[in-house]
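Look at the two complexes coming up: chain A is in both, with chain B in one and chain C in the other.
Up next, the complex of A and B:
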């Protein structure tokens, strides 16, 4: 049987020792999971290795870890694949990020993940008494929110959320995806209140930086970032919520900018967010944002010439996409449960990356 | 020492439903689980939940299917209650926020399931259990003022007063190893099944029969323990389940010769016959050399329209891809019967009460018995919810009329000592070794086909493993997340449960439901239309007694599909 080496990050608060790495040799077929590997090491070599696990089938959400630096479920990653991805063939397993480590691979989900979950009032708040029988709702609406119901609360998205790294108070991808589960649920009676709350909170829906990490991390295709973007669209378009934090105008400026230029024209984005370069509100804000613009210049994201001259003009294709979206009445989006036609030669694949590939238009500007 | 009216052990569907019902009845409630509640094994239920909610369906039809599915071992009074109350329960869930699949008119929609005479299974794609569990947890968070949650606490034993009443439980805080006595006027066991006694199994690693053994150890009788369901469609090797929803949606079974073999065994219901029938058919094909070399037959889901599969069976599309490397929308997948569910458990009445005053049991840990010899698909979630709710209500009512109770901390000290001993041992076999030997042996000798010789041998092995477990050793000596200690305690529970399964199977000298004895291949109503009850008998094998099956409307008939 093939052999693999697991390098596990160990930490025991009782030992008084600093965190360190231990290597374990295991022999298992390559199609078995990293979790199977860890359990073999635990069974045969060291019973004190700490990892939460239960279902072994990517359903219970217990075994979130980082494998070779990337968040995933240990039971959802094959050993052969993990070995391929490892720089020197040694599979590196460490606890998830953005949450305090309790022991070895076990993190304090309650202090971070669940606390944030409770922040979004995570239960249905219907108006009035329930009907005698079931609520009658469009079948698509239930399928639509089933994508967020598919969340197993594993924390993989939280682990690598860029905004949360910078702002630990950010409500974060999993909890905001949960919020969409209610905002998208026609039985809930507090859509506007929920959205206003999440928009006004400086750590709310406008605190996400579009980094896509959560979409890549999620083993269940929940695509938290897409849910956050939908919350923003519904907040602004359906409820006209203009938040104190300027997130709404920033969002609008972003969209208008792409519609106009075809690509994101970053130099215009900030002033546009504040009502255009010559709007009085823009002046102090531009001054405080100067470091951002300077950094953008440094990283070559904005060239001085580009900042001044509008080189890009939106192609017909981009304009057409915008027209299509504006004209679309239905807001249900293609998701893992609303899939292409049977005859599709190229149906959307059922993997998390399908969720990413739904969004090429949003992603390409930054490439 | 935390004090509550009602203490609930386990936070799967049964436990959470009980907590909500008890809180609604005005009790102070604690709910405790060794894993975070949403990690409970209920989340694995893919297929759905049964209820005769359609105007053209009836609870009597649901009840009859259940009675027949149970091979007439189910208690019909309990089955009637379950099926009668099912429609309201499903509506309650819908009102609480469950995102059930809808028909085109926006009403609740159904799918077909095995052993049922109407399509009465309600579902959420193929994440039914997960969606139910997460919505109930939403409700637990909502009612946090009445319900205290103790997440990642491990119950090590039930507490009793001098009169033998159950007065709570002793628990270990997994985070720091502290032991605590939780007292309560009523205690509800909702700690799930014991599939880990078998290897492989569809059950999660946490399904180690803790509650069954803990109740048994304080004298509660267990019932129907021989009835272990082998699910017809599990993956070879790791035992992961392919939901019955696949067959409900129209998938077929073939042997290696390309024959749709169910034609021989259940010409009417074909793949949708009862699980015991389908599992036996598969095992017969495999044993007689018509399976594939790896001991499997083929499940062909390509018969189901691709769009429908992607929409309604997405989870098994993922499972096929991730755990078997097969695209089930394009090719058949190899499956075999695998250990899935324990019909037996702690003997409980229709209100969840066990024979120990103050102790209730609901869900897979309990045996009411609504499943008898064989559980129908999508009836277990229903069982957890109906009897979870009923025991929550009754436990709260019992507590309401009671003065404060007292419990002695001596029991905590006993358990502390036991754990200290365990940590100081050296030189014995590893816990994991004993566990693996037990599971592999049970899956060989106490599986779909059983006989006297095999069962006798199985009993000897379990007795030996019990001796070895007393000296088994572990590595971790710490207090924070010491999973090694918990593993050793769980092994003890599994061995008690395994012994009861084997003794029950040896005792029942007939074939009924999931129990097929090759040496007694016929059902024998004259002698065996009765439950086998097992009680703890010191350190010896359990004591056997019998109790009658309750029959209301449906006299036993021959069972064909």
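Up next, the complex of A and C:
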């Protein structure tokens, strides 16, 4: 049997002792999971190791931890793969981030994850009286939300959300992906109310810094960030929700800026993001951004002419592309999670591997 | 080597020193830059957020223009902005994965006589240095090793995540290339907590406090790790880390004074170029810890 070393972070808040690391030697086959390793250490060496788990097959979402610094399900990561990734061959296992530790590898999901989940009203709010029997929906109209339905509530995305790291009030990736699950559901009757709520909340959809950490973290291919971008798109394009966080204005200012100039003209973007140079909201914001622009001028980064005049103009071809695409009756949104990647002779590569993952093969952590 | 060169917008707008430094450094590595001057902004993720097809079509157009240059002898397409790399890779992933979709996008481009053929190679300058030129070659050309210079790599987001889209795997550990490059230039790599985190730029107009706190925290972490300067492959990161640094310092309540260099600037210094011709005087945080301005010699290195 190959031997592996697990380095587990130990911490019990009530003990009053500082967190520390313990090393455990385990002997298991390389294709067994890190969770199997932790359970063997717990069984044979130290029964007090705190770890939460149930299904051991990447379905229940209870065993989220950080392995070698990256969030994952402990039951979804093979020991040999984890060992290869470990800088000095020692597999480092620690609790997830952004949530308080209860004991060792167990974090307080209630205090953060579930609280945020409740924040987005995660149930259907249909309009009018329920139908006599079941709701009937066209299958195509549900396909798009299957991606968010794949979420197993493990919290891996929450663990490494970079906006949440600086703004603990941020609703966060898992809950916002869940919000899209209902905004994209044709049976729900409160799409606009939901979106308005999430757009107006300063810690809502416009608080996501687009860092891709949640996409990278998710063991189920939910891509929470992509769902947040969809929420923004629907809020702004379909419902015209002009939020007080400047999300709507920023998006529109950016798109108009490119449509007009072809290249981004930053000096205009700033005021336009706040509603234009003469918008009442823009004035205080511009006064606070003035030092930035002055610094840029002073250091010769931009010339006054460069800051004020338009150097470039979009070509008529670029303008035509904007027009053509904007004129379509419906947005054409290709979702590779749904359609899969084309392979030369094979059908789309979505499949379930032994551990129950629905990730395309190339995204499986064990490849 | 000849490349179809996409400089992006910011390197010609608020961070012109980047474009300038790139133009200085390229000949030292026999890189001929054929600028894609008719191409439009990649959309930086914001156009995709607004309308995916629009972003995909604009970038397919850029790729098609690059492919015209490639047909005329350029080796590949190159960019100098992580955000361009990430945003363009995202569009390319969709365009390459689905033929009907690509045909649909090409239909829009056909009015201009352009077509995007699946499979363009589009590499950030950092990737090109490591994968096409090779760090041994870089090492050979170093004129002024960055001896005793402690450099913190700041990767940011778009060039390292998601790993599968960006082609990061064991044979292409692109998430270590800044480390490798700093080392090849004779500098000392300083690891610090924020090196793979987000600079906060995307939400600067939406949640300024959270945005500046991110920038401030990472710069602070680098100070605690005793870095002399940071180097970044992305001009947008540079805006939040350098241009906004005084505001970021206020947001995190600690003085920061960390010079932030663009990748070609760090490279240019080691190649013996003068700080001024690399535009380093245009930064908000004066790179005085990096440069002894009186002699223009890299700090600590014997002249």
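The working rule: the second predicted complex is superposed on the first by the 257 of 367 C-alpha atoms of A that agree within 3 Å, B and C clash if a C-alpha of one lies under 4 Å from a C-alpha of the other, contacts with A are read in each partner's own complex, and residues count from 1 in each chain.
Everything that follows uses one rule, which is that a contact is a pair of C-beta atoms (placed from the backbone, for glycine too) under 8 Å apart; a residue touches a chain by one contact, two chains touch by 3 or more.
Remember, it's a predicted structure, so these values are computed and weren't measured experimentally.
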Message: Quick one: is A:54 in contact with chain B, with chain C, with both, or with neither? Answer first, second, both or neither.
response: first
Message: For A:150 in the superposed arrangement: first (chain B), second (chain C), both or neither?
response: first
- prompt: In the superposed arrangement, does A:90 touch chain B (first), chain C (second), both or neither?
  reply: neither
Query: Just chain B (first), just chain C (second), both, or neither: which does A:213 touch?
result: second
- request: Could you tell me if A:246 is touching chain B, chain C, both of them or neither one (first, second, both, neither)?
  value: second
Message: If we overlay the two complexes on their shared chain A, which of chain B and chain C does A:237 touch? Say first, second, both or neither.
response: second
- request: Using the superposition on chain A described above, determine whether A:162 touches chain B (first), chain C (second), both, or neither.
  value: second
Residues of chain A at both interfaces, chain B in one complex, chain C in the other: 336, 339, 341-342
- request: Quick one: which bits of chain A touch chain B in the complex? Just the residue numbers, please.
  value: 12-15, 31-32, 42-44, 46-48, 50, 52-62, 76, 78, 102-104, 106, 109-110, 117-118, 122-124, 126, 130, 133-139, 142-143, 145-146, 149-153, 181, 185, 187, 336-342, 347, 350-351
Statement: Within their complex, chain C touches chain A through residues 9-10, 12-17, 38, 40-41, 43-54, 56-58, 61, 86, 93-94, 97-99, 101, 104, 108-109, 111-112, 157-158, 161-164, 197-198, 200-203, 205-211, 213-214, 217, 243-244, 246-247, 281-284
- request: Could you please specify the touching residues of chain B with respect to chain A in the complex?
  value: 35-36, 38-41, 43-44, 91, 94-97, 99-109, 124-125, 127, 130-131, 134-135, 138-139, 141-142, 151, 175, 204-206, 238, 240-241, 305-307, 310-311, 314-315, 317-319, 321-323, 325, 430-433, 436, 474-484, 487
Task: Within their complex, state which residues of chain A touch chain C.
output: 162-163, 165-167, 170, 202-203, 206-213, 215-216, 229, 232-233, 236-237, 245-247, 250-252, 254-255, 258, 262-267, 270, 273-274, 285, 288, 291-292, 295-296, 299-302, 306, 314-315, 317-318, 320-322, 324-326, 328, 331-334, 336, 339, 341-342, 362-363
